[in-house]
Amino acid sequence: MLGLNKRDTLLFAIVIAITLLAPIILNPFPVASDLAQFNAGYPDLMQRFVIFGIFAIGFNILFGLTGYLSFGHAAFLGVGSYAGVWMMKLLTMNVVPAIIVSVIFAGLFSLLVGFISLRRSGIYFSILTLAFAQMSFSLAYSVLTPITNGETGLQLSLNDPRILGVSQTADGSIPMTNFFGIAMRDGFELSMGGWLFTFNAGYYLCAAILLIAFYVSIRIFRSPFGVMLKAVKSNQQRMLYTGLNPRPYTLAAFVISGMYAGLAGGLMVAMDPLAGAERMQWTASGEVVLMTILGGTGTLIGPILGSGVIKYFENIFSKINDNILHDWFAFLPDGLEDFVVAIVYPFVGKGWHLTLGIVFMLVVIFLPGGIVEGGQRIAGLFKRKPPEDKNKTAAASAPSAAE
Amino acid sequence: MDAIILQVLNGLDKGSAYALIALGLTLIFGTLGVVNFAHGALFMLGAFCAVTLNELLRFSTETVDPSRTDFLGNPLKVKTPYVENWFGPDIGGAMIEWSVPLAIIFSIPVMIAVGIAMERGLIKFFYKRPHADQILVTFGLAIVLQEIIKYFFGANPIPTPAPDAFIGSFDFGALVGMQAGSIIYPYWRLVYFAFAALIIGGGFLFLQYTTFGMVVRAGMADRETVGLLGINIDKRFTIMFALAACVAGLAGVMYAPINSPNYHMGMDFLVLSFVVVVVGGMGSLPGAVAAGFLLGILESFASMSQVVNLLPGINQIIIYLVAIIILLIRPRGLLGRKGVMEG
Amino acid sequence: MIKRPISRRGLIKTAGVVGAGLAAPHLFIRSANAYFNEPKGGTVTLGFNVPQSGPYADEGADELRAYELAVEHLNGGGDGGMLNTFSSKALKGNGILGKKVEFVTGDTQTKSDAARASAKSMIEKDGAIMITGGSSSGVAVAVQSLCQEAGVIFMAGLTHSNDTTGKDKKANGFRHFFNGYMSAAALAPVLKNAYGTDRKAYHLTADYTWGWTQQESIAAATEAMGWETVNNVLTPLAATDFSAYITPVLQSDADVLVLNHYGGNMVNSLTNAVQFGLRDRMVNGKNFEIIVPLYSRLMAKGAGENVKGIFGSTNWHWSLEDEGSVAFVQSFGKKYGFPPSQAAHTCYVQTLLYADAVERGGSFNPCSVVEALEGFEFDGLGNGPTLYRAEDHQCFKDVLVVKGKENPTSEFDLLEIVEVTPAAQVTYPPDHPMFAGGDLGTCNPGA
Amino acid sequence: MGILEVKGVNKRFGGLKALSDVNLDIAEGSVHAIIGPNGAGKSTLLNCFVGRLEPDTGTVMFDGRSLLGIQPFEINQIGVSRVFQTPEIFADLNLLENVMIPAFARRDGAFKINGWMSVGDEAEIREEAMTMLDELGMASKADHIAGQLSRGDKRRLELAMCLVQKPKLLLLDEPTAGMARADTNNTIDLLKQIAKRGITMVVIEHDMHVVFSLADRISVLAQGTVIVEDEPGKIKGNPKVQEAYLGGAHL
C-alpha cells in the first residue's frame, strides 16, 4: 500500500492510529484522579510531541543514515520560526504560507551551512555546525534584535502591517493563527464519565503534517537514495571508487533534514506565534541529538519516541511539586509520608533534569539501540507469537536489511 | 599599547582555563577514544571542592547575643566556626581565609577518586561503543552531577574569595618605569596563570620523560598497537582518566576565586572547551594548549570597544568564527593528525 | 521538608466525578463559557510559573515560597500576613469569591519558549485562570502576550525592563515590580549627593533588551544631573569572565563604572571589577565608584564582600519598617526560617492584588479583574501608597535606594536602605519616549 | 594502441623519487601484471590511475581520455573499477545492498536523488545484483551483513561489486594477499573466468604463482621505473628481474 512494503505499511498504520487517537491515549486517567498529573493529552504538549517528532525524524535522516552528527540543527528550526512569524506579521495569519516560507528559509540556510560544514567530517563537522548555530543564537539574541526581537522573542503586535488580513480584530486583539479559517486554538472537548478529552484543530494539523513527514521519511529510508546515504555512513572511500560522489548525497541529506527542522519551526510558530532565540542555542541542538539517540538512531520510529520521552519529562515531571506528592502519599502514616515525599521530591518538580539525566544513562547503558531496542527485547520475550507481533518493532529497527 | 598588553594578559588568563580543561579532554580522546561530555562537570566539581572546604571550615557553633536581634526580632545567634574555637581565632581565621589553596590538597584525592569511580564504573564500558552513545551517557552523567550539586548548594553563585594576601593587583607599569597604575593585574589571576603553566608544563614533562607517559603517547599515536602490547593497559587508562579529572578539578579549584562557582559553570565551559580541543586538533596536547591561549587572546581582543564598534557583535561570535576559519584552512585543526575522530 | 496540610482537593474532585459520571458523554466547544477557564465547582486554580532550573532557580524557589504563603493566607491559614495590613478589606480569608485557592507550578527555565510551554500547560491542562511569576523580562513579556492571547490574567513577577509595561504592555498583564526608569530616577539624586555632579561614567551593559533599557534610563538620568557617559560597552549574555571588559575601564578616564547586569552576570562583573582594584582607584582626584542599578539580595550574596558600599536600587527589602512589610517578613520568616527576597515580596503581593481585584469586581472574568485593577490605589503591602496605573498597568510606589552593608550581622543582612524615594519622584507620563511604541489593546476574556 | 596508455609518468614525494618515467601500454582484453619488490612504486602507480594521486609529469590515457585531474568517482564512471588490498566494502549493509549500490551507480551516475523510488521496486537492478552474487557463489548469503564475512568472502564481494558495473578496466591490488592456498586457487580460477569476458585487468601481485597463472603480459617495476616488460615465459629468466629481486632469488 502507498508503495510501502508490508512491514512498513503496518508500522505506518500503527503510527496513524496512535497520532489520531493521541488525545485519548495520552489522557488515560480521569481528570479528578491523582494520577491525572500524568495525563499529557492537552493541546500544547500534544503539539510539541508531534513537532519535535518531525524535528527528530528529519535529524535522523542526516544522522541516522549518513552518520554525520550535526550539533547545530536547532539553528534551522530557529530560522524557520523567525521566517514563519515574519510571514504572519507581513502577509497573513493563515499558517500555510508561514510554514512554506519556514521550510524554504531553513532549506536555504542549511544549504549554506551544509555546503561549508560538509567539507569536514567526524567531530570537525560537528564543531563546524555547532559554531554556526551558536553564532546564529548569539547574534539573534543581541545584534540582530531588529529582526529577531532578541531576548523576548519575535512576536506579533497590534500594528503589524498585514497585507492579507487585519492588524487587529474588531475587539482590539491580535488575530489568531488559522488554517483557512479554522483557528489553531479551536477544537472541542469530549467528556465521558470522569474522563475529558481535548480534540484540538492545531494538533490535528500538526499530526497530519507529521504523518506526511513520517511517510516521506519511510520512502527515503527505503529508496536507492536512502541506500546511498547509508553507504556514506558505511564507507565513503568505497563510494568514491564506485563512481558515486558522496558530497552531494550528504548535502542533500543535510538540506532535507534542515527543511524538516524548518518545518518543525514553522509549525511551532503556527501553533504559538512567538520565536525565541533560545530555540537556536546549542542545548536545543543537543536536545534533538539526545532525542534521536534515546529513541534509536537510524530507526524509523525511534526519533519520535525519543522526542516524546524528553518532552514528557520536561512538561509533566517538572510540574509535580511537593504539594502534589503529599496528596499522592496522603494514605501513608504521617512520618512515612514525609519520608517518601522527601525521597521522591528531588526527582520531580525542580529536579526533573536529574531524572532525565538518569534516564539517559540507564537507556544508553542497558539499551544500546535506544528505546526501540527496549521494544524489541520485550517483543523478543513473546517470540512464540510469529511475525505480526514482531513486525511492530522489528520493522522499525531490524538492522541493515530493513533499514 | 597598555590596552593591548592588558588584553593579552586577559587572554592568557582566559586561555589558561580553556587550556587546562581542553588538556584533559583531549587526553581522554587521544588515549581512551572517549568523547567526555562530563568533563565540564569535573571542572565544576573541582570548584565545589573549594566551596565545600570553605563551608566545612566555617562549620559553626551558635551562641546567642541578647543585645542584638535578627530579622524576626528574636535574639541574634552569633556563629563561631569550630576551627576558630579549636585553633584560636588567628589560626582558625587564617585557615578559613586560605581555604582555596587548602582546597588544592583536599581536591586532589577527591578528584582522583571521582575519576577512578567514573572510569571503572561507567566509562570503561563505553570504549567500544559509538561516539554518539558516549555523548549520551556522559551528558546524562553531567546533568546528574550538576543536579546533585544544585540540590546541596542551590543555584546561586557562592563567593569563594582568595586569601587576603592575593587580593589586590600587581603593577607591571611601575615595574618597567611606566606610569604607576597603567598596567595592573590582579594577583590571583597571575597566580592562576602561573598555576596553569605549572600544570601544563608538568603534564608535558610527565608525558615526555616517564615510561607511563611514553605508553600514553604511544597510545595516542596508535591505540590499537598499544592495545596489542597489552601491558595492563586497563590500569593505565584508569590512571589516565583520573589524572585528567584531577587536572580539570584543580583548574576548577583555582578558578573559584575568579568567578563565584555555580552549579552550571561546567556546562558554560563545556562547549567552549570542545571547540578549543577541536581547533587544536583532536588528540593533540600541544594543539589544545595552543588553541586555548589563541582563542582566549582573540576573545579578549574582540571585546575591546574599538573592535566591537567596527564589527558589532563580533565579541559574541569570535570564538566560533575563528573555529570555522581554522577548520576550513586546516582540516584537522592546528596540530591534529589524520584519521583521528574523522569517522 | 515542610509539612503542609493535606488539601481536600482529592475529596472534592471525587465528588465531582460521581456527578459527572452519571451524565452521558457529551461534547462541548471550548468557547461555550462566558470566559475562558471559568472556575466551576468549589476551587479556583492559579498558575505559578517560576524558574526552577537554570541560573535563577533559587530566586524561583523563593517566589514559589511566597506564592504558597499567599495561597495559605488567602485560604484563611497561617497568620494572614499582609491581608491584615492591606488597605482593601475585600478578602476574607475564605479563598477567592468563596472558592478555595489551589495552584499548579511550572518551570520557566528562564527561556521564553519553555515559559510559554509551561504556562500553556497550566492554562490548557489545569485550567489556570491566572498566571504569575518569572524572573526575567524576556520571559515576562513572552508569557504576558501568551496570556493576552489565551484570555487569562498575567501578574508579572520579577521583571525590570521598561518594555514590560512599555512597548510590550498588554491589557491582561500587570506589573507590580519597578523598572529601569524608576531605578534611574531614584538613584540619580542619591548619586548626586554621594559622588557630585562632575563624574564620568563608563557603562557595561548586558547585551539584550533589559540591559539596553536600563542603560538608557540610567544614562539619561545621570546625564541630566551633569554626569558624562564616556562609554557604553555591551557584554554577551553568555560571558562569564568580564576581565576583557574591565581592563579598558582602567584605560579610560572614567571615574564611575555602572554595571547594567543582573544575576550571574552581575555577580561575575562586580567580582571582576573589584579584583582589578577599581574600588581602590583614584581618577581625576576622585575615588573610583561602582554602581549596580538593580540589586537583588539573593544575587548580591554571590558576590560576597564585593558589594560593600556599592549603591543600587531595589523594589523592596525585608528591613523595611512599615506595617505591611513587617507582617510579611514575620509570616514568611516563621514559615521558612529566613527573610523573603524582593522577588518573593512582589509575587506575594501580586497574588493578593489579583485575589482582591476578583473579590471587588465580583467575577473571575479577566475583563472584570482588569477593570478592578486599573487605577486601583492601595496601601499596606510595603512600598507605601501605591497606584496601579490604568494607562500601562504599571505600579507606582516608593523605590528603595540601597547600599551594600559594611558590617552585616547575618548572611541575609547584606543591604542597607539609604533612601526611600517617594513614588512621585519616579513617576513618568505614560507617553514617555522610553515607554513608547506599545499598545495596551483591550482585555481578552478568551471566550 | 592499448586501452590504458601511461607515458612518462614521474612522481616525487619530497626528496624521494617514487616513479620515474614510467611508460605502459596495456592492450584491451589482456591481463597485465605489475610486479616488483617492496617499495618499487606499484601502489603509487595504481593510485595514479584512479585519481588518488596526481603525477608530477606524464599522461595517463584511458580509452582515449585523460585520467588526470578528475575525481575518483568520475574515473569509475568512465569504466575503471578497483579492488583494494584490504577489501573496501559497505560493512554495515547486507551483501545484496553492497552489490546494488554499484549497479545503481552505473545506471544513475555519480549523483541522483531518487528518494521516492523504493529499492524493492528496482527489480532490474536487484536481479542483476543477485545474478552477480550467484555467479560468485554468494547468493545464499545475500541478506547477511557484509562486515561479518570472512576475508576471502569480502574479497569476492568486492569483486562482485566491481564486476556488476561491467567495467572496461579492472584494477586489482594484491587480490590474494593474506589468503590461504586453497582460497588463492579459487580466486585465480575466478579471475580467469572474468578475463574470459574480455575485461581488461591490471593486477599488482607479490605471489608469483598467481602472476604466472593469470597474466598475459608482465611489467617489472623497480625503484620507480619499468625495467622489463614482456610475456610471462620470458620474464622468468630475465637477469635484470632476478637482480631487482635482491640478488636473484629464484622465481
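Here the chain labels run A, B, C and D in written order, and each chain numbers its own residues starting at 1.
Criterion: a residue touches a chain if its C-beta (ideal position, glycine included) is under 8 Å from a C-beta of that chain, and two chains touch if they have at least 3 such contacts.
Since this is a predicted model, take the numbers as computed values, not measurements.
Looking at chain A and chain B, the chains in contact with each of them are C.
Nearest to the overall CA centre, using the mean of each chain's CA atoms, is chain A. Each chain gets a centre from the mean of its Cα atoms; for chain A and chain C, those two points are 33 Å apart.
Remark: chain B and chain D have CA centroids separated by 53 Å (rounded to whole angstrom). Chain B and chain C have Cα centroids lying 35 Å from one another.
We define each chain's centre as the mean of its Cα atoms; on that basis chain A and chain D are separated by 47 Å.
Each of the following residues of chain B touches two or more other chains: 316. Among the residues of chain C, those touching two or more other chains are numbered 57, 207, 234, 236, 238.
Chain A has residues 138, 141-143, 353 in contact with two or more other chains. Every pair of chains meeting the contact definition is listed here: A-B, A-C, A-D, B-C.
Listed in rising order, the residues of chain C touching chain B in the complex are 54-59, 207, 231, 233-236, 238, 240-241, 243-245, 247-248, 250-251, 264, 267-268, 271-272, 275-277, 280-281, 298-299, 301-306, 318-319, 329-330, 333-334, 338-339, 409-410, 412-413.
Only residues 3-5, 219-220, 222-228, 230-231, 233-235, 237-245, 248-249, 252, 256, 399-401 of chain A touch chain D when the two sit together in their complex. Taken together, the chain B residues at the contact with chain C in this complex read 2-3, 6-7, 9-11, 13-14, 17, 68, 70-72, 76, 150, 154-159, 161, 167-169, 181-182, 184-186, 188-189, 258-260, 262, 264-265, 268-269, 299-300, 303-305, 308, 315-316. Those residues of chain D that touch chain A in the shared complex are 50, 71-74, 76-77, 81-82, 84, 88-94, 97, 100-102, 104-106, 108-122, 125, 143, 145, 161, 165. Looking at the complex, you find that chain B touches chain A at residues 35, 122, 125, 129, 131-133, 135-137, 139-144, 147-148, 151, 271, 274-275, 278-279, 282, 312-313, 316-317, 320-321, 323-324, 327-328, 331-333, 341-343.
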